[in-house]
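Notes for the one structure printed next.
Here the chain labels run A, B and C in written order, and each chain numbers its own residues starting at 1.
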Amino acid sequence: MGMFESILLTIATAATPLLIAAIGELVVERSGVLNLGVEGMMVIGAVCGFVAAALTGSPWIGVVAGILAGAAFSLLFAFLTLSIATNQVATGLSLTLLGLGLSSMIGESFVGSAGVKMPSLYIPYLSDLPLVGRLIFGQDPFFYMSLALVAGVAWFLFRSRTGLTLRAIGDSHTSAHALGIPVIRYRYLAVLFGGACAGLAGAQLSLVYTPQWVENMTAGRGWIALALVVFASWRPLRVLAGAYLFGAVTIGQLHAQALGLGIPSQLLSALPYLATIVVLVLISRNRRLTIMNTPASLGRAFVPER
Amino acid sequence: MKKLLIGLAAALAVTVSVPAAFAQDKTKACFLYIGSKTDGGWTQAHDIGRQMVDTELGDKVETVFVENVPEGPDAERAIERLARSGCAIIFTTSFGFMDQTVAVAAKFPDVKFEHATGYKTAPNLAVYNSRFYEGRYIQGQIAAKMSKVGVAGYIASFPIPEVVMGINAFVLGAQTVNPDFKLKVVWANTWFDAGKEADAAKVLIDQGVDIITQHTDSTGPMQVAAERGIMAFGQASDMIAAGPKTQLTAIVDTWGPYYVKRIKAVMDGSWKSENIWDGLKDGILTMAPYTNMPDDVKAMAMETEAKIKSGELKPFTGPIMKQDGTEWLKAGESADDGVLSGLNFYVAGVDDKLPQ
Amino acid sequence: MRIELVKRPQHSKLFSVLSPFIALALTLVAGAIMFALLGKNPFQALFFYFVDPLRELWSLHELAIKAAPLILIAVGLSICYLSNNWNIGAEGQFIIGGIVGSILPVVYPGIQGPLVLPLMLLMGMLGGAAYASIPALLKTRFNTNEILTSLMLVYVAQLFLDWLVRGPWRNPEGNNFPETRRFHADAILPELFPADGRANWGIVFAILAGILAWLFITRTLKGFEVRVIGSSPRAGRFAGFSSKKMVFFAFMVSGALAGLAGISEVSGAIGQLRPSISPGYGFAAIIVAFLGRLNPLGIIAAGFLLALTYLGGEAAQISLGISDKVARVFQGMLLFFVLGCDTLIHYRIRFVGLARQEGQPAGAPKAAAPAAEGA
């Protein structure tokens, strides 16, 4: 395996969890809901995925457990913000707090126990192709799932009727409601999807990235996923680009160090956040673009008037 | 029954004198942890030490700990609460707890305090540390023998003297075997982030190193090394489970015997404030079994370990050149502890600029 | 069965008073069950959580230290949130306040005297306000979503502080450890009653800020403007209020208070800059702001309550060996119950069968309205 290919593989592994979590949150935000609890759902997915895989020996059961756990945990958020209209910002933050505590509790007896690693795909001949063999035909299933999710969500949002409805709800829940669209039900499903994705992303951390369980192993990746959604101005393909850019900066920063270049690592680490702000400004200063892209009712509670 | 009474009183929010409810005939030994006691690294090593106190001293002692304490005002409060809860001796196990330990120690002259890896002492405040660098010197020798390319990768946490010391010792050890041995360093800027440490390991391997060593605490790098089929060293605890065919040896922090000794000293009244910097010979750090290496390398490592234990070999003994080419130590001259504990430069052979 | 909310015509006075108590009661019950499941005596556990830290004077001081930054930040946030400006970057403003306020003692340690501390506090406030004005500027000028920009700026601030204390501001005599020099005596925020405990002027600032903000919101024209613009920007425009000016005003007030909290923490409880000067106060304060229902006086109480759960968690660890993880879960539960119960103030809750569909046009189910009265 060449160095170039191997660097790209490293970047892909770093970008995949960000991408999966961000694509889920993108759907949530497109429906007009801001769930700041991504970090919490992700860490729950990581611990449940790890525990299920360790107990059964099957990484695939770990994947399923991660997805289900993330979705179940997001249900708590959905109930509070959608059914009883609590503030989304405060509820999302509380969800992260609870998730970090709960995951440590669940995983306490699993720290240091041997993990199960999700094997990478291997197709004879194809995976051995020079330069791109491993990149295209030799990665772990999460990588392929992340790409499928991007394609699926892009199609869903912009090509399907249901996706159109979802975006309409995000833009104006009152008008959508007046048209007879079941706003709350859509949003429930969107939040559940977001939770499932965050759980899947967490499972990638504990089954592929570093197949082990350690407390707080998400280490802020949920927050980066949140930033990515904005960076991408709520466009799935841009989330893909953003996640890989983020991954490349993270890994590139380490390479710069190993080469002894002497650039402050903090500056490199801050670049993606500054870039996000710049992108936000660029898309928001053009009113037409903003209206097209930003879910206008993002973060506002909705209670059907009767 | 007593417990039930307390419970009932609590339910009525009546203030009862709770400390009286606890038996006072035991010596209470308390620990303050920066991380979680099951972090698999630094804090866990201290907690294993605490558990050893429990098994060795049994009924005579009661151990208590507070985990996940952030540095700063929270630490001072937690230490004070421990001091007031009847602790006879309190171990604060992170460098960042230094000033808070000093402040509380001044308020409680009758309680003994011990601060790990710091340098400020008081009549009732001792400091203790481990000469981790002795283990790193041995690791350097092994690395130079085992590496085919003559370059190792070092995942470092923060550029503090202890870490710089470890990097230098590793290189000095390696140079005794291969004078041209090189070391690449990546600063992870964290003590514990499995993902980031794994990334750092991948980056170093991609840049061509074939031995990984780390001064961060997770088993992430060990797993990556195992996956990529190269060798690595464990840190803080024996990480052989993460890399049965990968780990050459590990520096294992073994605080237990030290804690037992100091708590016994409190019990019999012989405790004194000291500045303790123990090494391999005192058993405060031990080397995990030398595995996955040919017998001659193993023999060399064991010989070096024996020499360090006997005092025949001191890793920081001249002639040593600094990275900038100037002389640090003349032939036969050994660095004194004061210089070591403030070390802020590399020796020749490190392929990195020390962050300033 | 589904849950349905019916908006009350007015805030329920009854539930305004009852809601925190219902939430507390639910938390106590759920907590007791959790502790019992873990094999701990639930009464004893709750005692250590909520009563033990209040039994001694020194511990009350510690409570004040922990509550002060939470209250200061949350009071500022309440003005922001009431005016419909979603600043969630108080953590960043706190850090920048700490940094700017520390310029004097770190860069110019030679400057001493009684004026140093007031200047530091002022600079801290200015720093926080200036940093908060960035999302305000982007919002008014480019229509950029302030939730996201203010959040991004938190990371930037954290990394900036990290770089400062490891690089240019590192203590020259500090053995390379990542921290600045310790502040000289004139730069330290004094303790209130040094004989009894460590509490410093920070808590005084916090309570004063709470009272002043309450007077401001309830008694002044500008405060009225905050509420009007917050509840209905349209009505605000009719009344001739500028919502752009309000964005700046709200962000800068909350930034200044977060900055004051930052420099108070640095010059008070810490005494130097370190790579991390806040265990997440800026985020915890958002929760405090909502616990206090955006009422500055309520926030004072909420700040003390949240601080108590930190102290209580520690006490329970020391006395009963209850894991720190349980403490965090317990805290999370408390927050959820409080948030959930507050819904009762604004809404009636109704349980409906599946027969009726939510998606009916708004006008249609009018006939069902009287039924709501019975719920």
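The rule is short, and it goes like this: contacts are C-beta pairs under 8 Å (C-beta built on N, C-alpha and C of every residue); 3 or more make two chains touch, one makes a residue touch a chain.
All values reported here derive from a predicted model rather than from experimental measurement.
When chain centres are set by their Cα atoms, the one at the greatest distance from chain C is B. When chain pairs are compared by their number of contacting C-beta pairs, A-C comes first. Between the CA-based centres of chain B and chain C the separation comes to 37 Å, rounded to the whole angstrom.
Inter-chain centre distance (chain A to chain C, centres taken as mean C-alpha positions): 27 Å.
In chain A, 104, 108, 264, 266 are the positions where the chain touches two or more neighbouring chains simultaneously. Among the residues of chain B, those touching two or more other chains are numbered 36, 189, 355.
Among all residues of chain C, those that touch two or more other chains are 162, 166-167, 323, 325. For chain A in complex with chain C, the touching residues are 34, 36, 76, 80, 83-87, 89-91, 93-95, 97-102, 104-105, 108, 177-185, 223, 226-227, 230, 264, 266-267, 269-270, 273-274, 276-277, 280-281, 284-285, 287, 290, 294, 298-299, 303-306. In the complex of the two chains, the chain C residues touching chain A come out as 3-7, 86, 88, 138, 141-145, 147-149, 151-153, 155-156, 159-160, 162-163, 166-167, 283, 286-287, 289-290, 323, 325-333, 335-336, 339-340, 342-343, 346-347, 349, 357-362, 365-366, 368-369, 372. Against chain C, the residues of chain B that register as touching in their complex are 3-4, 6-11, 13, 15, 18, 30, 36, 64-68, 70-74, 76-78, 80-82, 84-85, 95-96, 99, 119, 158-161, 164, 189, 341-342, 344, 355-356. Those residues of chain B that touch chain A in the shared complex are 36, 38-40, 44, 153, 184-187, 189-190, 192-200, 202-208, 218-220, 223, 227, 241-242, 351-353, 355.
Interface of chain C with chain B (complex): residues 41-44, 46-47, 51-52, 55-56, 58-59, 62, 65-66, 162, 166-167, 175-178, 182, 198, 265, 269-271, 274, 276-277, 279, 310-311, 314-315, 317-319, 321, 323-325.
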